[in-house]
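Both complexes below contain subunit A, partnered by subunit B and then by subunit C.
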Partner chain A sequence: MNKFLFLFFIILPGLAWSYPNYIGHSYTSCLNCHYNPFGNGPVNDYGRAVSATLISARWLYPKTWTEEDLAEKSGFLFRKPKQDWFRTQVNYRRFRLTRNPGGKNQTELWITMQADARAILKFGENDRFIAVFNHGYAPAPMSKVSGVPDEDTWRSREHYVGYKFTPKFGVYAGLMDKVYGVRVVEHIAFSRTFPQVAQNDQTHGVMAHFLNENWEGGVHGFVGNLAQKEDLRMKGGSTMIERTVGGIHRLGFSYLNSSNLYNSLQSYAVHARLNLKEGSSVIAEVGQTSKNITATKEKIDSRYGLLQTYLRPTRGVYVFNNIEYAKADLTDDNYIVRWGPGVQIFPAQRIEFRGDIYNTRVFGPETSVPDSWTLLLQTHLWL
Partner chain B sequence: MKKILLLFILIGTSFLSWGNDTNIVVEIKKNQKIIQTNFLKEEIKLKKLIKESETIDPEEFPVEYKKLNFKIFASLSKILVKSKTAVPESSPQRKLFLIYREKLSNLEYEESKVEKVYDLIQNHFKNLEDKKYIGTFRLFVDYVSWQYNAVLKGPLGEYDLVVTNKGICPGLSYSQENKFFTFFADACYLFTSGGVSSDPSQVTYIQDNVLATGIKTSIGLGYFVSSSRSEIGLKLPIIYAIQNLENPPGGYEVQEGNDLLTMIGVYSRWPIGSYFFQTEFSKYLTQDQLLWSLGFGYKF
Partner chain C sequence: MKLLVTLLSLISFSVFAQSSITVNVTLSPSGSFQATSTKVKGNLKKNGDMIEADKIQVMIESLKTGIELRDEHFAKHLNYGTHPKAVISGLKAQNGKGTAQLEVNGVSKPVSINYELKDGQVKANFKVKASDFKLAKAQYLGVGVEDDVVINVEMPLK
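Let's turn to the complex of A and B:
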């Protein structure tokens, strides 16, 4: 396995998950930087140049290198690609998770969250036709669900083809993330776990994307992840529509409906992404899910909220708050607020260090328990 | 280049004397007198053409006259660049400086030098303006949640409790801020309520919706990270609050601990016009507990 990983880093290279907070740099649409129009996955050549010349600091570069030099060297193996039709990327992300840091019951865990190798074929003007392959490591869930077979930890994370009929309209087919809500990097966010659009919830399907001056959106029909057993696959559809407001902000709406043999899930949300200039931004999403369990005919309605605030004190450094609300059952009075300040540092392109503190507080009429604390330290490298 | 220009201004022209502003003023007056004596016709003509926005032919004006204007311009810049305080653009000195810049621009004399000196002076005053602190008041309302430790004392021992409160905190802040930094003090009236529940395996004690009121005050410093004046900083809050939890029967007594809680925290603020949105995340210095808040406000 180690040899395999080593080969990944020698042979291949990209940026990983989506960062919707870059609306603070006036990037309203994910399509600017990602092959997937809704973000996440491989980054295109322009996105790599942006990560080198705008997002990352210059601390590790010689002073003689200009921004143009950095953009030129932002490609795989620090070179400008010699052809237009093939790109490769590699990502590695590892966490150190500390629960109750400094407390009596402190526990530590190292988790490899991501080790992806990606290949992108692209043809035509403005990458009109693309084929994206992303194979990598998916950590096994910490809590094993009884009766559900273990999934292979090394598997295709996404593979799809896409064709842009016009610069404003494209169709994509294959294994992709579901089109829903704000695709934040925090896969444990309630806004991603409640509607089941988290790190490992990719699905096979067909997705249409449109974009014009004021509107952007998509419709996604899906049949579940074909790597799963058929009775587990969540089949259905989803949509997400965003409207540009004031030329720099986005307001959006999402809807998702899916089901398998055992349960069905409906989810809807509204969101906002506000550009507060020079890298500062605010992202908010409020949503509700309704889960029906077929066997027991039980219906559970849940509600979630997400508020992310980003500030950029200097190039390469982002200070943020991750504020979340979750009410797992609307008939219950208890709810959770998770508050996570953190810092994200890009000392150079291809390197990200991130530290998050998560404080989780439970509210309820007959519940008053000490907060739980989690410290998350993360290293993310890409080529 | 800036250093050379600064040197140029400080040295002045060959006949400008070194010394304090008085000498420079004397020099300016001397040159103005020479113009009045020897180039009065040209002076009147130039002023008239500028006033009437007429086309000016620089060739119609003698080089000596242009040189004298340039010397006065250089002398004025020497006075202005030495200013340690932000002189407003409406002040007589800066107005006069702009007049001579306009004259030299129309005379097409040493235009490049004139513009560079002009930029330098403008930047000098912009830097002074940026560093100038001004007082600012803000009104705000925070939604706040805070916890603290209490102890339930009973015949069989002591049991740790955690009290969780939530509510609002309307208040006022005053800050001294410039383009880069802010130093502030704020205070708000804590109007919250909450409850407590013991570990049921030890003893059952539940209280809910108990009023907790008091004052939360802080001092802090912040840094503006963008031109939109989004800010981030550190603050040292203190809470003085009173919450009377009921003593359960059977010889039990609840001790709420110290009414005064000190904290250290981080805050951030995003202005939207005159309004703003703010967050705070503060950890107690003496307890393993936390206060967080998010709120809206108005800047005067």
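Let's turn to the complex of A and C:
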């Protein structure tokens, strides 16, 4: 059982699309740049302008283009929107996964991770009412579970409506990511897989978000993904609350409780997002999950940790380092440490290149699993 | 509002590297940024127990926020074309508190200052409202700035 879990977790370090490290640019909340106040998904007009004038380099642009020009051309198809109520976006990500690079048993795999078309309707002052639709490709899981039917790889990734009663309080309903922890880029990070808040764990539900000078948080009640068979849907609720510290940092706590016919899951975590300024940051999360299997009455407690450092040597470049810890069963002596550096380059808005190297090691008194090395090279394009 | 930043110069200060003015701006709905300049003109002088300054000023265009486009918006919002400087005048301070007159966007208002003196360096701060200086509410693509602005000033005491 434990060996299976270990292998499962080291199979595929992957990438998602949420950038909480931008707290290093003093953006403590995701709400400034995303329609979803907890990040991920479509980026709003301000976020696109920030992407063009702060995040991305201007290596590919004519020198005659001003920063104002870049901001205006940050819209869909390089255009400044002519109306306020409708936005579209297209995203595409593909990466090459190389296991054991340079070794005798090197394997390579090309994977399309994302091919999304998004549409956003928005009305009222400060986008008071929004409706978000995101339809796209979801790669089939590499580890198929026996008895679970294949899901359609082209499906709604999220669709929800939201209404802001005030600029700092809103309610959202539909298919969304669960409110929990830090939505780090790496969707297979233990901090996302253990509490089941990864790339394909969106759920239908209702979420409330609030924000004030020092606090930000949300409560999410959900009924599972209605595209799944009813007995598989994880129903429950979650919450996440963050406190601003020192004006530029965030400390947070999360709790999640969900269950279906076959198992239940409880998870809680504390996290920190620290602003090192000039675009650099540190992100950390430590959490614990408790899974109860209904049929066997077996209970598995797991623990995970995440530490990420992002350094921004120059505009358009982020150098980062990941250290992850996972103990899939607290009654077992074995645990995993996954470590790896990487670089993320935005030569211009709409283009992201990223390279990661992961070393995964299983520690345990009776374990002799060799280190796993993985090289990931990713291209992300968007319009 | 960003003009307020200029106010910073209030505290007594000079053109040297040890001098800086930082305008702390809160974004709405969330977040913040700082506009900082080290090009502060003026001197803080000691007169008995008092700290005084006739005039401290900073060029609006010298305030940098970390984003070039935001620097431009910041300066334009403070009407730097018409009022290129923020000026603090008539500064008098004693026992950690002081007063001065701050001029931003061509509007002059009195401000109350808190400060501490350590190793010959004065660290001061004061709070102003952008609207007091006839600065319109700033907003860019749905993200605005709060009316309250905190200004930090660091200068050596001559």
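Odds and ends about this structure:
One rule holds in what follows: the second predicted complex is superposed on the first by the 365 of 383 C-alpha atoms of A that agree within 3 Å, B and C clash if a C-alpha of one lies under 4 Å from a C-alpha of the other, contacts with A are read in each partner's own complex, and residues count from 1 in each chain.
The working rule: a residue touches a chain if its C-beta (ideal position, glycine included) is under 8 Å from a C-beta of that chain, and two chains touch if they have at least 3 such contacts.
Since we're looking at a predicted model, the values are computed, not measured.
With subunit A as the common reference, the superposed partners subunit B and subunit C fit together side by side.
By the touch criterion defined above, A:I130 lies against neither subunit B nor subunit C after alignment on the C-alpha atoms of chain A.
In the superposition on chain A, contact of A:D371 is made with subunit B only, not with subunit C.
With both structures placed on the common chain, the touch criterion links A:E278 to subunit B and to subunit C. Of the two partner chains placed around the shared chain by superposition, neither subunit B nor subunit C is touched by A:L97. In the superposed model, A:L211 makes contact with subunit C only, not with subunit B. After overlaying the two complexes on the shared chain, residue contacts for A:V337 are found with subunit B alone; subunit C is out of touch. Of the two partner chains, subunit B is the only one that A:F363 touches; subunit C does not reach it. In the superposition on chain A, A:A71 makes contact with subunit C only, while subunit B stays out of contact range. Closest CA pair between subunit B and subunit C after superposition: 7 Å apart.
Common to the subunit B-facing and subunit C-facing surfaces of subunit A are residues 278. Subunit C contributes residues 24, 26-34, 66-69, 72, 140-143 to its touches with subunit A in the complex. For subunit A in complex with subunit C, the residues that touch the partner chain are 25-29, 31-32, 44-46, 49-50, 53-54, 67-68, 70-71, 126-127, 167-168, 211, 213, 216, 247-248, 278.
By the touch rule above, subunit A contacts subunit B in their complex via residues 103, 276-280, 282, 307, 309, 311-314, 319, 321, 323, 337, 339, 341, 359, 361, 363, 365-371.
Those residues of subunit B whose C-beta lies close enough to touch subunit A in the complex are 145, 147, 161-164, 166, 194-197, 206, 208-209, 223, 225-228, 230-232, 266, 268, 270, 277, 279, 281, 288-290, 292, 294.
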